[in-house]
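Consider the two complexes below, in which chain A is the common component and chain B and chain C are the respective partners.
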Partner chain A sequence: MGERVRGGCCPPMDLMRSEPMHLVQVIIPIESAHLTISYLGDLGLIQFKDLNAEKSPFQRTYANQIKRCGEMARKLRFFREQITKAEFSPAVISVTEADLNLDDLEVKLGELEAELVEINANGQKLQRSYNELAEYKLVIQKAGEFFQSALSSAEARQREYASNQSGEESLETPLLSEQEMTTDPSKQVKLGFVTGLVPREKSIAFERILFRATRGNVLLKQAVVDNPVTDPVSGEKVEKNVFVVFFSGERAKNKILKICDAFGANRYPFAEDLGKQAQTINEVSGRLSELKTTIDAGLVHRGNLLQTIGEQFEQWNFLVRREKSIYHTLNMLSIDVTKKCLVAEGWSPIFATKQIQDALHRATQDSNSQVDAIFQVLRTREMPPTYFRTNKFTSAFQEIVDAYGVAKYQEANPGVFTIVTFPFLFAVMFGDWGHGICLLLATLYLIIREKKLSSQKLGDIMEMTFGGRYVILLMALFSIYTGLIYNEFFSVPFELFSRSAYSCRDLSCSEATTVGLIKVRDTYPFGADPVWHSSRSELPFLNSLKMKMSILLGVAQMNLGIILSYFNAIFFANNINIWFQFIPQMIFLNGLFGYLSVLIIIKWCTGSKADLYHVMIYMFLSPTDELGENQLFPGQKITQLVLLLLALISVPWMLLPKPFLLKLQHDRHHGESYAPLPDSEESLQSEPNHDSHGHEEFEFSEIFVHQLIHTIEFVLGAVSNTASYLRLWALSLAHSELSTVFYEKVLLLAWGYNNIIILIVGIIVFIFATVGVLLVMETLSAFLHALRLHWVEFQNKFYEGDGYKFYPYSFALLDYEDE
Partner chain B sequence: MGFLVTTLIFIVVGIIASLCARICCNRGPSANLLHLTLIITATVCCWMMWAIVYLAQMKPLIVPILNETE
Partner chain C sequence: MYGFEALTFNVHGGYLEAIVRGYRSGLLTAADYNNLCQCESLEDIKMHLSATEYGPYLQNEPSPLHTTTIVEKCTLKLVDEYKQMLCQATEPLSTFLEYITYGHMIDNVVLIVTGTLHERDVQELLEKCHPLGMFDSIATLAVAQNMRELYRLVLVDTPLAPYFSECITSEDLDDMNIEIMRNTLYKAYLQDFYRFCQKLGGATSEIMSDILAFEADRRAVNITINSIGTELTRDDRRKLYSNFGLLYPYGHEELAISEDIDQVRGVMEKYPPYQSIFSKLSYGESQMLDKAFYEEEVKRLCLAFEQQFHYGVFFAYMRLREQEIRNLMWISECVAQNQKSRVHDSVVFIF
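So, the complex of A and B:
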């Protein structure tokens, strides 16, 4: 704890530092363990450490209970599947039943599952026989139509064949006739047939195979069934053909049956007798209607069952998940040797101590335990987790920062400034108050319907937009402001605040298009003068303005970043960082780019024509040269020399002293470790665990290389980061040019035709282009660039971001985990 | 309205906003400090933007040259 003395530099501010945490140990009597964990889960302010990390999930104490919960969860999933299959709307009515016992629930779920499975099986069986009968009926109907003719033709063929054979036989030698005679009867007597249904897409192949297998000794008749038939085996609707195959001989029959099986063709018995056919049809129809009523009754029963399950499903589901998580947590606790109590260790914010103790006390009372749970704070050198107490407004901004890296414990949080600077930099790139109002209306809709939307399940993109609604709100407000500054409303300027400061040089206004206007009044008081818009010198003026603005804003934000590193150094009482990091960094950045910013402002104030590029470049190349016409203020040469010298000094200042001082500090610290041993037993116990973390090997070379990299990164970064801020200019230019194009080339062009239809088309195109390109794509790209400016240019000045997040054990967070 | 007057207006607006935040949502000293920081940052950002554009137009080096079509 020693190194983390909290500096009293500044009063505490919400969100600036993560909550102070401590490692706590709770010793819970085993009889009240379940209730205690349940209460702590309701509270949701403690993150348990896994004390059984070396044990496999099966070796842990409560493995059985978890298995039970898993089984119940499986049953619940089965119910949900069935409910969604039956297309029930999952009832949201939450009937808060009195405390449901897990054991009762288990029994109940088991019963319900058995019942449902049985109903399903019966239903399937019934459905199958129903489908079979339906097919059978079809076969009888269709086959009956062509059966007689087919049969007669087959018989004719058979007879012809027989006579052919006998004719051939007569030509044969008498020696073979005996043999032929023995086979003859079987051939002649059996003229069989098979009827059934075959899937239509297989029917051609079916026919071909039949033909080949029997060498053409079959007659196949097919009839198309108009409506798709439900296949009894798969239960799917399939297009089918009714077929009848006539054949002769037992072997042919066997072959045909095998082929039928292979093609998934269902065979049905068929009576040749017409009377019998009619009778069968009657029978089948009767049984069909009978089955139908049975199936309907079964479906109603199943529906009722699912309805009752659906009503309580959510409650059961929550209970099971909760229980599972409780046992999961209990498994993370280590069990005492006496098996009478469980020992929990975990992180909790210091402010929650009272609440946790209350919960422990309540659990002891409610479970009628004899012994209270023991709550104590442990001392450790481990890095605690980072926990920011955010609300619905700040959480989205904090997530922007966390997406880059979770803050180190108690490190200055860039999220505080991101809340303002992020939307502001976005708006610098998105400055148009018309577009800003559109964005504002969209996000206001989300905010007003917040309650309703937050309970719904939204799509991926919608979810993200909804989560960032307050970010978008601020982005919209700032873009309305910057739009007013840029004086653009869908790229149209308005003289809102006063008349333009410029007017013609003379009455005839002849030089307005050649030499230009002249400034006659005071400067336009708020934002850009409307006269610039669509003038020939608009781009040169706006480019110069926005470029310089980008640099000024960038230098300001980078300075803020370095100042935050100062607050960090003060907070962690790290004097080395103040003297050998913060101060030289400030000098380096401001000696070069701070000076550039000052020059920009002086140039604006004096109206000097000095070339700032020239000044900056020759400040390095030949600092002793006379400035001549580029001089902006007296004594500029000396100032530049001093600044350059300071910047040059600050580089080794950053690089060299810090590693040596760290080494010195380490050596001194090492000397101190020969102090008398602490004699209390507790410290002896805890020391060996944490020593390995405390005294890491001090590698001077490593520290030095690290510092070298850090210095090079800062020096080069100062240049490249400043250049990087020029993206503000580029994006803002792109935005205003695009919106000008859409306004002039679509809306004004359509207006010029004096035709109502063209005008309407033009307006529609304009709206789609504005929404699609400017409001969606430009918003995204400006968002991403603002994100980069914060993550890289701002945060690399002070932010370490190597912490880990505080994940409390909380029932409120359970919902998000599984799905 | 000169540079200083408008700057003063920005300062006044900033002070009013922080007072409003203080009165309307007073949630303890640390939350108030956060609100104050946010308001100051926002005011400074807005003021900077305005000041930059204002200063840039004060002593113009380039003047608007109208397009010939107009």
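So, the complex of A and C:
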């Protein structure tokens, strides 16, 4: 716990109670208000109260400035979007420009935006014509192919026809040919056609509508364009088809043109003449290359502009966010009737008073204001926020507690104990020093690369692991420790500290049994003797050990919880809670389960064979019976009777007096409502407590029912919570059994085949099973169970957890909020 | 009456119901409207909206704002939400959700057809269409010259096709025809939707019948009032009324022969649920009728959220959001045109 003691300035137990806070009022002259808030934001030790809660955002004093900041933030977002689109990485090294003024920045941003927008517009225009030309070229090429193939097929047919005519003369051919020949020149209608590009996904619907609109009197030819084409209008890459529609008549043409428009099909003129086609293609290609160079030049220009923006982007962004937050804060202050000064109210820790006054003074000087800001402490009955000064080591543990509920102002903080008990209870369930070392290596990697990792964005799960790296570090260290006690290294026992104390009496005794083992040396000095493992009595021995150990740990932790409730009662000067809650609770818990713990220790020390279940059960069922062979110490029967009686007495003790005393207190309080104010220090601190009882409607039945529930909860909880600690044993058992299975049934089995491939496969399976199941899943489950033991079994003894957190106004926290 | 929706509804509909209830809690409240009504400029409105769920949609709009931008962005949010729900929905909820958009489809068809009749640019018309009622070949509507063509060319592919069966004529399109077409389509749509909800059964049918009946009655009254003094005959008028709702059938008979607004009023006051609406209006007044109907509708839609395990909430939510967007449009217009005194004329508070 040495980490908690930092520097000489702070009291040594500052995590036990949250920082003492006070409500302060600062009256700031209006001319220095901005600078003052900015300095206070740098300091980050004051939480402003919103004094204008009833005003809507745009009615507040500094709404205009906020709007300006919002506008600038929008421009910055626009820049960022442009920069990422252009695939620049915004330069991290920002040039520290001397004091950038907000007004200057606004003008500058405006100019830059206008320039960028113009460049973009020009670029778009060029790009559009470029794309149009590119499409045109495609159309000419593809449509040219149609005409060519149509031409060649027509020629082929003609040749075929000619050859037919000259060759064999069947019955049908002359008829057909005559028809063709006659119809062609005379009745030929001039067919019109339209060429263009249509998006591929719409092409079927396009064809259908064309067919319907002209009643089938069209010929549509489509050709697939292999590469996606950039659409001139939207600028996106779209898969398109080139089409040629042949039609006849003016009405049909109108319809077709309209349909083309409706489908977003771009039409392009097309010359039938082959020579003209080649010419157009040449022209188009020439213009395309010209446009290309122009566009490239534009891009370079744009790139340069974005580069310069990118260099200062971070700085501007920070400045704008900072200014915005300053004006937001200024909006929370109430403005004086004379409009000469602003009045701020807020919570700040008492230790920060000097720093705040300093900041105020500096602000006054720097802004050349004639009047100093006035700083005064207000007295209030409101509950102050809870503020723990944590460092990177303790913060993760405090988070564990806060996740359950933020401590009430100045109540005992379980976080202090969580730092040690949490990893320890985890390790009891995760005892294996091989796994512990793996965990340690993983977390050491995180800790060594801390600087680098904390600056970059991690994934969701990684973020969580990284945040809890110090928790995991302690968890790993403790599980190495408990692993040494359990003597398990990937479930294999080692004779680390000395040889096993037992050895075989003769050759016939096998390892699978303890029968025939005799003690030859001193007791194994630390942890479980390796000979227990893989012996027949391994489970009964270890189970009994771990079960008893769980009970001992549980009773100890619950006692700690109750003792903390005593400290709370002392701190808040609440005598009723000491006499009618703490004492009977202590008696009840220790009379039953404390006694059990004592019996366990006696049994361990004396090696007695007494059955503790029997003792405990018959202590209730027939307390007057003789104990017989279950007697552990003389006078046990009397002791048990006394303890039982005390436990029985403590139940009504918890239940009855407190509600009546509260009623009495309330009545008396009511009677002397005009009595002089109490002036001593302690009554001030307990004020909120009395307050909440005094001014609310005092409903006796409600208080009584509440107390009844509390009592029942505690009495039943004493039993169920103690039983709940047995999860320590259960998980530890599961962990060691699982790792034994993986070791024996995978690794040893593979080893036994004497085959290198099987061995490799076996090792791979073993590694994956160990990492996946034991290191990840088991860690998670042991973590959750340790969490539960803290939240429920430990904290329900004393923790109220109905406070609210201290959120100081601080620029340092600004980064996290906006992201 | 009740099926066992509670038992099985959540299998498919539970997630989306939770989503839609979450969306609903994002609707602007009376406090929001009060603040919005006090705004001095569109910038103020933007600033206030940025604290609501519209924030992300408006935050990147450059400064000289227009009413249309605000409305467009707000509608975009509704459309996004709708699309998200539609993606997640399974049958029959997805069909139900699609039914909600048919009304907009009808309006869009009418808008485009009327627009082309008056020779407006198709692109301009398309921008005015409600995005929920868009379908692929909507732009092609401009090609059609008469109803038959309209149907044969375009609408046969859309879900509106069955509703057209009653209004296929070869007459050329004119304003009167189009209006009749709109109402005929709407009638067919409402009846179809009503039948569909009846088929779904359970709480959905109960709640949706109520809402749709109100909608049908409102349309009947509007048709009557709008057709007073036009050349529409009584029989034609009666044909446009939907064949369900509180007014069906006797109220329709009387409405069909009503010749002025006070007669309509006389008809409606015989129906207790509508008494309260008309009692707010003075005689001969029809201006405020719309608002009164909207208010009543909002009240009924809000009630739909009081019950669980039915699809009515989706319909109600979409309608409430649309009402909210109408409110925002009205407020923005009033603010933009410095008509702040009239701001309360048409705003319907939802909560």
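The criterion applied here is as follows: the second predicted complex is superposed on the first by the 715 of 819 C-alpha atoms of A that agree within 3 Å, B and C clash if a C-alpha of one lies under 4 Å from a C-alpha of the other, contacts with A are read in each partner's own complex, and residues count from 1 in each chain.
We take it that a residue touches a chain if its C-beta (ideal position, glycine included) is under 8 Å from a C-beta of that chain, and two chains touch if they have at least 3 such contacts.
Bear in mind the structure is a predicted one, so any value in this text is a computation, not a measurement.
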- Message: With both complexes overlaid on chain A, does A:Ile66 touch chain B (first), chain C (second), both or neither?
- Response: second
- When the two structures are overlaid on chain A, which partner does A:Ser56 contact: first (chain B), second (chain C), both, or neither? second
- Mind working out whether A:Asp261 is in touch with chain B, chain C, both or neither, as first, second, both or neither? second
- Note on the structure: Partner touching more residues of chain A, chain B vs chain C, is chain B
- Task: Would you sort A:Leu15 into first (chain B), second (chain C), both or neither based on which partner it touches?
- Result: first
- Query: Should A:Leu553 be classified as contacting the first partner (chain B), the second (chain C), both, or neither?
  - Reply: first
- Message: By the touch definition at the top of the document, which applies to A:Leu545: first (chain B), second (chain C), both, or neither?
- Response: first
- Query: Both chain B and chain C contact which residues of chain A?
  - Reply: none
- Item | In the complex with chain B, residue positions of chain A that touch it | 11-16, 416-417, 419-421, 424, 428, 481-482, 485, 501-502, 512-519, 522-529, 531-532, 534-538, 540-541, 544-545, 548-549, 552-553, 556, 601, 604-607, 609
- Can you list the chain A residues touching chain C in their complex? 56-59, 63, 66-67, 70-71, 74, 77-78, 202, 205, 208-209, 212-213, 255, 258-259, 261-263
- chain A touches which residues of chain C in the complex? 35, 38-40, 43-44, 47-48, 50-51, 59-63, 122, 136-143, 152-154, 157
- In the complex, go through chain B and note every residue touching chain A. 1-2, 6, 29-31, 33-34, 37-38, 41-42, 45-46, 48-50, 52-68, 70
